[in-house]
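Each of the next two complexes has chain A plus one more chain, namely chain B in the first and chain C in the second.
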Partner chain A sequence: MRPLAHRLRRRLPGLAGGILVAFVMVVLFGPVLMLALFSFNDSSIISLPWEGFTTKWYEEAWSNGQARDAVVNSLIVATIVMVLSVVLGTLAAWGLTRLRFRGRGFIAGLNGAVLVVPWLIIGVAGLIFFSEIGVSLSLETITLMHLVVTFPLVVAIVSAGLVRFQRSLEEAAIDLGATQRQMLRYVVLPQVGPSIAAASIFAFAWSFNNFEISFFNGGFEQTFPVWVFSILRQSENLPVVNAVSTVIAAAQILAVFGAWALMKRLTRSEGEGSETLTGLLTGGAR
Partner chain B sequence: MESATIPAPAPRRPRAHRWLRPLAFLGTPTALLLVLFLGPMLVMLGVAFDRGLLDGGQGAFNLTLTNFSDVITDPLYREVAVTTFEIATAAMLAQLLVAVPLAYVIAFKAGRWQLPILLFLVLADELNPMVRIYAWRMLLGREGLINEGLMRIGITDQPIDALLFSQFAVTLVLATSYITYTVIPIYGAMKAIDANVFEAARDLGAGWWTTTRRVLLPLIAPGIFVSLLLVYIPLFTDFASPALVGGTSGYMLGNVVNDLVLESGDLNRGAAMSIIMLVLSALFALVAYRLARINRLES
Partner chain C sequence: MAAIAEPMIRLERISKRFGEAPAVDDVSIGIARGEFFSMLGPSGCGKTTTLRMIAGFEEPTTGRVLLDGEDVTLVSARHRNVNMVFQDYALFPHMSVAENVGFGLKLKRVPRNEARSRIEEMLAVVRLEGLGERRPAELSGGQRQRVALARALVNRPAALLLDEPLGALDLKLRREMQLELKRIQKTTETTFVYVTHDQEEALTMSDRIAVMDGGRVQQLADPKTLYERPDTSFVADFIGTSNALALSVDRREGELAIMEPGPGVRVAVAAPAAVGETLQISIRPEKISIVAGGDGDGGDCRVDGVAVERVYLGSVSQTVVELPGGERLAVHELNDDDVSSIEPGDAVTLSWPARHSLVVGEEGGR
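Moving on to the complex of A and B:
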């Protein structure tokens, strides 16, 4: 009796921890799994009973012009935003961490402010701004506003990477005869490469997932989140939305795990690989 | 190293050149922020203080405070503000209740599962929020799976309507939307703790509750304040979740802004409401930031 109680007491914390983790995972991913499951149900009502397996909702989604346009629009906008954010954000991060000049504090503060102000308010401000200056809303205005809220995130992630790594290495490279360009290529890039990779993934996801800003700053052309929102405002749940959502969720899962595998390879050379990786994964916390 | 040859000091650059490098690196990003972030904010501020065309404004700028006073004194909006506060606070508390033990498990008990669990948390955040809201709406509806399941097991014989289009639904969806940003700062604070302090507490005769209250919580307090800073502000300004699962009882301040701006086209009052929410966010951020700092100094 005694050993059993003892063993139980020793195992209990681990068991409780396991149950907690399992509970959180079920709550976070269970609904999305159900959504995916019901995209294969042969019934226009999303509920039990199970009527049989079908892929017709996927065919319907594929031939649904609005859905396809929305996804394509989101992909185009997110790609442009990602590329420009990484370029502008890396430039700004380098300027803010490596150059001394007057007004540096103001610019750093402005970058930080963008990350704290809620997207709803930036979205409304953008709408009012564009209407006051007489610019009509379109995918271009969405892209511009996404860029403005996204590149400061890249600045934050890449700056953190640049601060972590020692400047004396740059000076050593220059002392040993490297040119400015060689120093950047062979000393700085390998060090901040993982940060830039992480930043680009987050930048793409921020733009692709952004609803508030796209909603207030978009015209007739919808992005994917705006399309889902407008469908759900108008009607009951639709299996076609299940199908499109499943494809998107699957792609996002693949992207996150792919990025993880890639970063694992990039950071393997360093000793503190997993620490760095955790830092990068969590660095995008808004 | 420097004893061999000391290079002659470079000639001082002319004044104008000192600005060249900062300008090259920061010119475009800063211009973008000034024109498309600060610009819209200032225009919105102006519009909030302007008498709109709907109220007989003449097109030129007419300074007025009526937009603010109308929004603040409206009893309906006050009720919505209370609802918003209740929902955001309930969602925040629910998240903290899960996040603190979860962060503890990840930091101290998970072993080799640590990184995979963190990765799944990141994944939960990267999933499209609209997909997540839709998934919940599908589960919680009158004919949704949860009601179907409950009726089949025989817990209820009628569907529970309050599952969807209620404050409960909004709280649940919001709590699952931001959990990543609640857990990770607390996890960060826990990683910084030397696990020996728990053993020391146990050796000194403290039970788990005393250890949690007197040792763990004070040490992770800065992390909790960072979580509050990151999560509470987006929670109280959210408008997609209440719009899709809130119905009329889960109507929040974000919906007020949306309705003012897009439904009634009243940019002036919409701007005033946005400014008020911005000020509230800033005040909240200031308090949380101070508390996080003070705690760091003490510990």
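Moving on to the complex of A and C:
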């Protein structure tokens, strides 16, 4: 009796944990896998039964000019947003964590507040703003409004990395004879690099994936999510959307893993931090 | 250690203000080549600021810093031939032990082969042979401490500056590292400037100690003098147990000033104090002998009192005795076969030779 109860008590938490993990995995990745699966189904209806394997949706998507334009637009916008928000956000994070000035706490709080404002509201606000000042909507206005949400994100991630960074390391480098540039190159950058890499990935993904802001602030040229939304109204386009989305999702996952592998090589896998992907995404905690 | 003509480090009347408050106030110190010199004091006494001015991380508001006879007051930390061991070690976490140690050599463009052999040599000095490929995260606290030492010493600095380097270690390891530091200092024949708030640490390792308080040097002397002949009540207090009495001189007996504030209390001190003057007297607890009842031997100083507390401290037993005037004195007895069996409430008599009455201040002040 007792040994059995004992065994159960010892093994149940592990078992329950396993089931929970499996459940979370299904909820997280099930829909995406489903989408990928149906993109190879030889039927324009997204449901069973399985009608046979085909790659025709991929061929159709590839020759679809609108799809290609939308993806290219999104890539351009996301790249510009990433570069601008990482440069500006890193500088701002440096100032917020290193300098003492009046209103520092207020500004940091304001920055965090923007992160929780719904994108829909930011989108609508942008639309009203641009129409008030008489600027016609375009990819440029989308870029500007994406910066509104990615800048605070970069500030938050890079600040977290900078706060963890021991200040005495800078003094130690100078003490051992480093110039300011050598200190940044050999000591600061390897430490804060993972945070900046994580911030870059997130800024790019937020911009690339954003629908609400792009929808309200876009003009004639569409970004990828807006294009998807516009053609979803005709159900015969669904498999094409599936195909493009599968490619995009795969590319994004590959990009994140690639960045992780790169960071691991650059920082030569130190201890805890960048060993794990989560470590990289949370700024190479160590 | 005897000072050679020109001290390795000379501080000439340096002061440092942060805003209005003086952190360091008119400090002049000369540190000899090869000396183990400590700055000891409570937090906020200015010891770390003084060290950082030697390192070049702070610029003195007034005064000069000289290194090996050369004025370096306005020279940046980068160009000063001194290296620092930081309180939190400040090891570069993304570099291996060998890379950490070799960082200074790399910046100075020391040829690879030479750098490698100097790193090896220094790792041997701090007893970390074979750990060169490890990361700081894979080392114990004591080992990290040694890496920090090696990283500084490999540059062959004119002086090594240590800012409370043992603060993060546990007591046993701290004791070990104290002896280890002393050994490394002797091996490398380097001038060590050591900052600590731990008096035992300072007494164990130092050739000379500057006791600091309120931004000023209270007393600068070797450990024995500091303990046996403290100049001020602060020094007497900070080094050893506080055991102070404020008494006014009643009469003189030749060399001795005699104080008899009441029946059963007679304190004598060899001091040129005039009758009526009030002196701060400090007596080290282990210099006092204690007996039960009113039959103490006739020393120069003899005080009746009541034991109020008795604590076993391992090698000694401490008895706290209250005097008729309400003052309290701590007495240490060696726990040998002759140790007394006094208990709280017992009437006791304390006695000690006049030479152990230390004058640490006059008129109740410093």
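What we mean here is this: the second predicted complex is superposed on the first by the 241 of 286 C-alpha atoms of A that agree within 3 Å, B and C clash if a C-alpha of one lies under 4 Å from a C-alpha of the other, contacts with A are read in each partner's own complex, and residues count from 1 in each chain.
Here, a contact is a pair of C-beta atoms (placed from the backbone, for glycine too) under 8 Å apart; a residue touches a chain by one contact, two chains touch by 3 or more.
Only a predicted model underlies this, so the values are computations on that prediction, with no experimental measurement involved.
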- In the superposed arrangement, which partner chain does A:Gln191 touch: chain B (first), chain C (second), both, or neither? second
- Check whether chain B or chain C contacts more residues of chain A in the superposed model. B
- Query: Thinking of the overlay built on chain A, is A:Ser214 touched by chain B (first), by chain C (second), by both, or by neither?
  - Reply: neither
- In the overlay, answer first, second, both or neither for which of chain B and chain C A:Leu176 touches. second
- Message: With both complexes overlaid on chain A, does A:Ser168 touch chain B (first), chain C (second), both or neither?
- Response: second
- Counting only touches as set out at the top, which of chain B and chain C does A:Val148 meet: first, second, both, neither? first
- Item | Touching both chain C and chain B, counted on chain A across the two superposed complexes | 175, 286
- Per the touch rule above, chain A residues touching chain C in the complex are 166, 168-169, 171-179, 182, 186-187, 190-191, 267-268, 270-272, 286
- Within their complex, chain B touches chain A through residues 1, 18-19, 21-22, 24-26, 28-30, 32-34, 36-41, 43-44, 47, 98, 101-102, 105-106, 109-110, 113-115, 117-120, 122-124, 126-139, 141, 143-145, 148, 152, 176, 179-181, 184-185, 187-188, 230, 233-234, 237-240, 243-244, 254, 257, 261-262, 267, 270-271, 274, 277-278, 281, 285
- Query: chain A touches which residues of chain C in the complex?
  - Reply: 55, 57, 76-78, 83-84, 86-88, 90-94, 103-104, 107-108, 135, 137-138, 151-152, 155
- Query: Which residues of chain A touch chain B in the complex?
  - Reply: 13-14, 17, 20-21, 24-25, 27-29, 31-32, 34-35, 38, 45-48, 88-89, 91-92, 94-96, 99, 101, 104, 107, 110-111, 113-114, 116-122, 124-129, 131-132, 144-145, 147-149, 151-152, 155, 175, 205, 208-209, 211-212, 216, 224-225, 228-229, 232-233, 237, 241-242, 245, 248-249, 252-253, 255-257, 260, 274, 277-278, 281-282, 284-286
